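Next come two complexes built around chain A: one with chain B, the other with chain C.
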Partner chain A sequence: MRAENYQAVTHPESHEFELNFGPNHPGIEGNYALKVRVNGDKIVAAKADGGYLHRGFEKLMEGRLWIQNIALVPRICVPDPVPMEMCYALGVEDLCQFEVPERANWLRVLQLELSRIAAHLFTFGGHAATVGMYSNMFWGIADRDLILDMFEQMTGGRVYHMYTIPGGVRRDVGVEQLDKISDLLDYLEKRLSDYDNLFFNNKIFIQRARDTGILTPKQALSWGVTGPNLRACGLAFDVRRDDAYLCYDQIDFDIATETAGDALARNLVRRKELAQSIYIVRQVIDYLKKDKSTHIRCQIPNPLAWKVPAGETYTRVESSKGELSFYIVSNGGEKPYRVHVRGPSSMHAVQVLEKLVTGGRLEDVAQIMFSLDACPPEVDR
Partner chain B sequence: MKDVIPIQTNNTETIAVSKNSKNIYQQAIDTFSNFCRARSLFVLHYCTGCGAIELPPAMTSRFDMERLGIQPMVTPRQADILLITGYVSIKTLKRVILTYEQMQGPKYVIGICSCTVNGGMYWQSYATAKVLSEYLPVDMYIAGCMPRPEAVLTGLQQLMKKIEKGEANSWENYFKRYDYYLGNQQHLFGDTWHTPTDILEEARHYHLYGAESTGNNTARLIKYTVEHDLTKLDAPLREKDSMTKRGKK
Partner chain C sequence: MVWDQDKEATKDNYASQTIVLDQILHELDTLNIEQKNNQRFRVDVSAEALPALLSLLKGRAGYTQLSAISCVDWEDEFELVYHLWSYETKVLVSAHIRIQYTPAVYVSVYDIYTPAGFFERDIYEMYGVYFEGSPMMEKFILTEWHGPAPMLKSFDTLKYVNDMFNWQEYQPDWLKEIQAKGGKVVS
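For the complex of A and B:
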C-alpha cells in the first residue's frame, strides 16, 4: 500500500455508549427503565430509572377513609395483590384490637398461598421468555389463569379481589369450591414435572442462568434483599416462620433454600416454593373442610364513620417478592394520618439490579431482572 | 406556568373526507386496503399500568388474540395500535407521546381501564394524567378496573369493524387539531415541551393541514424552536454524512 493512500483509522476515545433499556422494551418487566453504559456488549455501568408508575400511594391513602383504602392497597403490586391487602388489614386490626375468627385466618392463608403460586408461575414464564423459551411462558400464563378462575369464583375478582378486610374476610368458601381447588392442585402437581422437563432441567436455561448475577449472603444482607432472592443465597429467613402471622405457626412447611445465589438458584427456590405452597393449601383445605364454624369476621363499626384509635403499628408479611411491610399511624381520625409501604422490589429493582447487572453482558440484563422478580408498580408506588 | 389555555371540548368525531373528491378507483383501493388493514393489526407492547397484567392471558393460548390477526409488536414504527393499559403518569405520558408520534399512520389508540377515561382510582393523584383524550386522539376506550381479557378482545373486534368501515380516523385529528393537543401537553409539561417530530410538516405531507392545526400553542412551540435553534441540532450529522460521500468519490 502506498503511503499517501493509507489513512490511519482513528477511533473515538472510548467505545462506550449509553443505551436506554426501557421503558418500552420487551425485555423489561413492566414500565421501568435502566440506563446502561455499554462497551461492546459488556456493561460498564447501570443506572435504574424508575418513576414511570408513580401514583403517590402514601399520599392518596391519607385522603381516603379506612374502608376505602382496602380497594386502593392491592393496586400497589399488580401480579401479587393479596399480601398488600393482608398487610394493611393486619395493621388496622392491630390498631383496633380486633379479635379475628380462626376460620378467617385460614381463609386468608388460602388466598395468600394461591396468590403466591400464581405470581411464581408468572415469573417463571417471564424468565423463560428472556432466555428464548416461549413455550414455558405460554404454559405458565395458562396455568396461572386457572388460579385466577378460582379467585373469581371465591371473591368475584380475577386480579384484584378486595377479599380481606380488617376484621376478617368478605365471604366464606364452600366445600364444593374447596374440592375444585383440590382438583386444581392435583393438576398443578402433575404439571410440575412437565415444568422440570421443559425449563428447570433444560440445558439452555441452566447454561444461561448459572453464574449469572451472583449475590453473596453478605451483599444480600447489606443491600436489604428479602424473600426468595435471600433464600437463594443460603439464608433461611421467612417471615411466615420467623415472625408468624395468621395461622402459619400451625402449618407444616419447609423453607426452600439454595446456596449458589445466582439466577438459577433464585428460580429453583421459586420452583421449590411452588411445591411448598401447594402443600400448604392442601393443609388449609383439610382444616376448612373439618371446621364447621361460619364465623368469618368480627363486628366492625359503621365503615363510613369508622374512627381507628390513635397509635402506630408496623406489620409485615411474606409476599412472593419478599418481605412487605406497612407502617400505619393513626391520630384517631376517619383517615390514616400516615402510611408508609416498604415494598421488597424497591430494593431489588434499584440498588441490587444496578450492581448485579454491572460487569455482565447486555443479553443478561432482562434475565437478571426477571430472576430478581422485581415488580415495577411496587417500586414506584 | 403560563396563561390559562382555553380547554376546548374534545370532538372525537372526525371530519370525514368527502368521498366525492375521490374517484371510483381510489374508493375501491381504500375499501380493499381497509379490509386488509383490519385483519392484520400489530399492537405496540408498551405496558403503562395495571391493565398490562390482563394482556398476557389475552395474547397467549387461553384467549388467543392471534386468531383475530392481532399480534404484539415491540417497535413503534411497525405497530398499528397503541394500547394504553391503565393510568398514565406524567413521566410516562411524555414517552407515550414520543412513541405515538413515531408510529406511522394510520394508527389507532385504545385506552384500557377506567384510569384512562377519567383518572379512575387515582382521580386525586398528583402524578397521573387524568383524561387521555386530551393529549392523544383516542379511538376507543375499554372501561373497567381492570377489563377482562374477553372485554379487551371485544374492544379490539369493534375496532376492527370500525377500521373496515373506514371510520377509525381519529389519528387524522392529531394533525387537523394539533394546536389543541399541543396546548394540553404544554399545560402539563411546560412551555418548553417539544418533540423531535415536526407534526405540522407531517400534516402538510398527509394533506391534513387545516385551520385548527396551528394557533397560539403552535406559535409558542415555533418561537421556542427558533429561539433555541433546534434545527441546528442535527447539522453535524449532515456534515459528517456529506464528508463520507466525498471520501467515497
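For the complex of A and C:
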C-alpha cells in the first residue's frame, strides 16, 4: 500500500450496531421486522417493527354487509384462518341469538382441529428451518398440504374456506369424506414418530432450543401470553376448556403442558397438541358418522338485507397461536359498527418478543421468533 | 402453578365471583354491573374510577389478564372497553368507559397491566386517543401515514382515495392483444 493511501481505521467508542432483522427472514410466517442492537453477537436491545401486512381489516369490515365479512375474516391469519371465521360467526350468533344445530358445531370442531394440525405442522417446519434443519420443514409443509387437500374437498377452498357462517356451516361432510380424513389421521399418527426421530429428539435441535428464550410463568401472565406459549410455562389454560364454545365440553382431550418455558418446551407443547387434535378429530368423526341429522345451519335472514340487533359481544376461541378474540358492536344496521380483532400474536410478536430476544444471541433471534409462533398479519390486521 | 378444576368448583367460583364484584360495586359508587351469563359480566364505570376498578379486580378478584382494550368511535365520544379475564374463576369482565371526543386523552393503565402498552399504542394510532403515561405513544403500523386517524368514523377511505389519486384505465399490452383478437374482460 502506498503511504498516501493509508487511512487509519477508527473504531467507534461503542461496539454496538443496529441490525434490521427483516422484514423478510426465516424467523416468522410473513413480513415482520425486528430492529436489534447488537454487541458482537449479543442482542443489547430489540424493537419490533410491524405494519408490513396492514390491510385495514377492521375498517373494511365496517363498510361491508354482515355476510360479506365471512369472506374477509379468514384472511387476517393465513396459516390458521379457521378460528377467525369461527370467532366472527360466534359473535354474530350471540348478537342474533341464533340456535346453531348440534351437527354444525361438530363440523366446525372438525375444521378447527384440522386447521390446528396444519398450523402446528407449519410451525414445526418453520422452527426447524431456523436451526438449519430443512428436511423437517419440507416434511411439515408437505404433510400440511395433505390437510389442505381435505379442506379443498370439504369446502372448495384450500386455505380460505369461508365454511363457517353465522348460523352454522355451508355444507355437510359425507361418510366417504370422513373416511378419507380418518385415513389421513392414520398417516399423520405414523408420521409423528418420524418427526420425533428427525426433529424433536434431534440433539442439534434440543441443544439449540433448550434454555433459549425462557419465559417464566410470572412473566407469561404479566405479559399477556396465551396458548401453547403459556402452556409451555406449566399453566394449563385453554379457551376450549375454560371458556368452552361449540361442543368442546363434550369432547375428551388433555391440555398439553410443559414446564421449562423455553423454545424447546413451546415446541413440545405443539407436538403434544397435534396428537390431541388427532384424538379430537377421531371423536368428531365417530359422532358425525353416528349422527343421522342433516340439519347444518339455522334459518338466517336475507343476507343482503340482514340487520343484526343492536348490542355488543366479546367472543374468544383457542387458535393454534393462543387466545383469539373479537369484540363486535352492532347499532342495528346492515353492517358492523365496530369489529376489534385481538390476535394472540399482538402480544407475542411485540412486547414478548422484544423482551425475550434481548440479552440473547443473534443466531437465536429467528428461533425465538418461530418458537412463539407469531403471525404478523394478525398483529397488523 | 397449574389450573385444574371440576364443574362443581366452577359453580362455586361463579357464586364467589358475584360476591366479590358486589363488594367492589359498593366500594365504587359510580359502577353499574350487568351479568350477561355465567362467564360474562359487563361493568359501566366512570372514566375517573376505572384505574381504581382495575386495581381492585386485579388485586382482589384475580383478574390477572387484560385480554384486550377495544375502542369504539360514537362520533361525539369514545367508548373504551377493557376486557379482563380471571384464570382462577374463568370469568370475563368487560369494563366500559366513555371519554370526551376532543381532546381525546385518557390515562394509561400500563402500570397495572403490561399488555395495555400494545392496545393503547394501537388505539392512539388508529383513533388518535392519547394515553398519558403510556410508554409507547408512537406509531407502529402506519409509520408513514400523516393523515387523520384512519379508524375514525369521519375518515372516509373512498373519498380519500378519490381526492388523492387519479383513476386510470387499465390497458396492459396483454389485454390489448386479447382485445385485438376480439376478446374482452368480462365483469
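One rule holds for everything that comes next: the second predicted complex is superposed on the first by the 366 of 381 C-alpha atoms of A that agree within 3 Å, B and C clash if a C-alpha of one lies under 4 Å from a C-alpha of the other, contacts with A are read in each partner's own complex, and residues count from 1 in each chain.
Operating definition for what follows: a contact is a pair of C-beta atoms (placed from the backbone, for glycine too) under 8 Å apart; a residue touches a chain by one contact, two chains touch by 3 or more.
What you see is a predicted model, and the numbers here were worked out from it, not measured in a lab.
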When chain B and chain C are modelled together on chain A, clash or fit: fit
Superposed arrangement, angle subtended at the Cα centre of chain A by chain B and chain C, nearest 10 degrees: 90
Which of chain B and chain C A:Gly56 touches, first, second, both or neither: both
Partner chain(s) touched by A:His340 [first = chain B, second = chain C, both, neither]: second
Chain B versus chain C as contact partner of A:Trp223, first or second or both or neither: second
Partner chain in contact with A:Arg158 - chain B first, chain C second, else both or neither: first
First (chain B), second (chain C), both or neither touched by A:Tyr279: neither
Partner chain(s) touched by A:Trp306 [first = chain B, second = chain C, both, neither]: neither
Touched partner set for A:Asp242, first chain B, second chain C, both or neither: second
Minimum Cα separation, chain C to chain B, after superposition on A (Å): 5
Residues on chain A lying within both footprints (that of chain B and that of chain C): 51, 54, 56, 59, 63, 380
Chain A contact footprint on chain B (complex, rising order): 44-50, 52-54, 56-57, 60-62, 74, 76, 87, 89, 91-92, 95, 99, 121-122, 124-128, 145-146, 148
Chain A to chain B touching residues, read off their complex: 23-26, 30-31, 51-56, 59-60, 63, 71-72, 75, 78-79, 122, 125, 137-138, 141-142, 144-145, 148, 158-160, 377, 380
Interface residues, chain C side, partner chain A - complex: 1-4, 39-40, 64-68, 70-73, 81, 83, 85, 87, 90, 92, 94, 113-115, 117-119, 122, 126, 140-143, 150-151, 157
Chain C partner contacts - residues on chain A that touch it in the complex: 48-51, 54, 56, 58-59, 63, 217, 221-224, 226, 234-237, 242-243, 257, 312, 314, 316, 323, 325, 327, 329, 337-338, 340, 342, 346-347, 350-351, 380
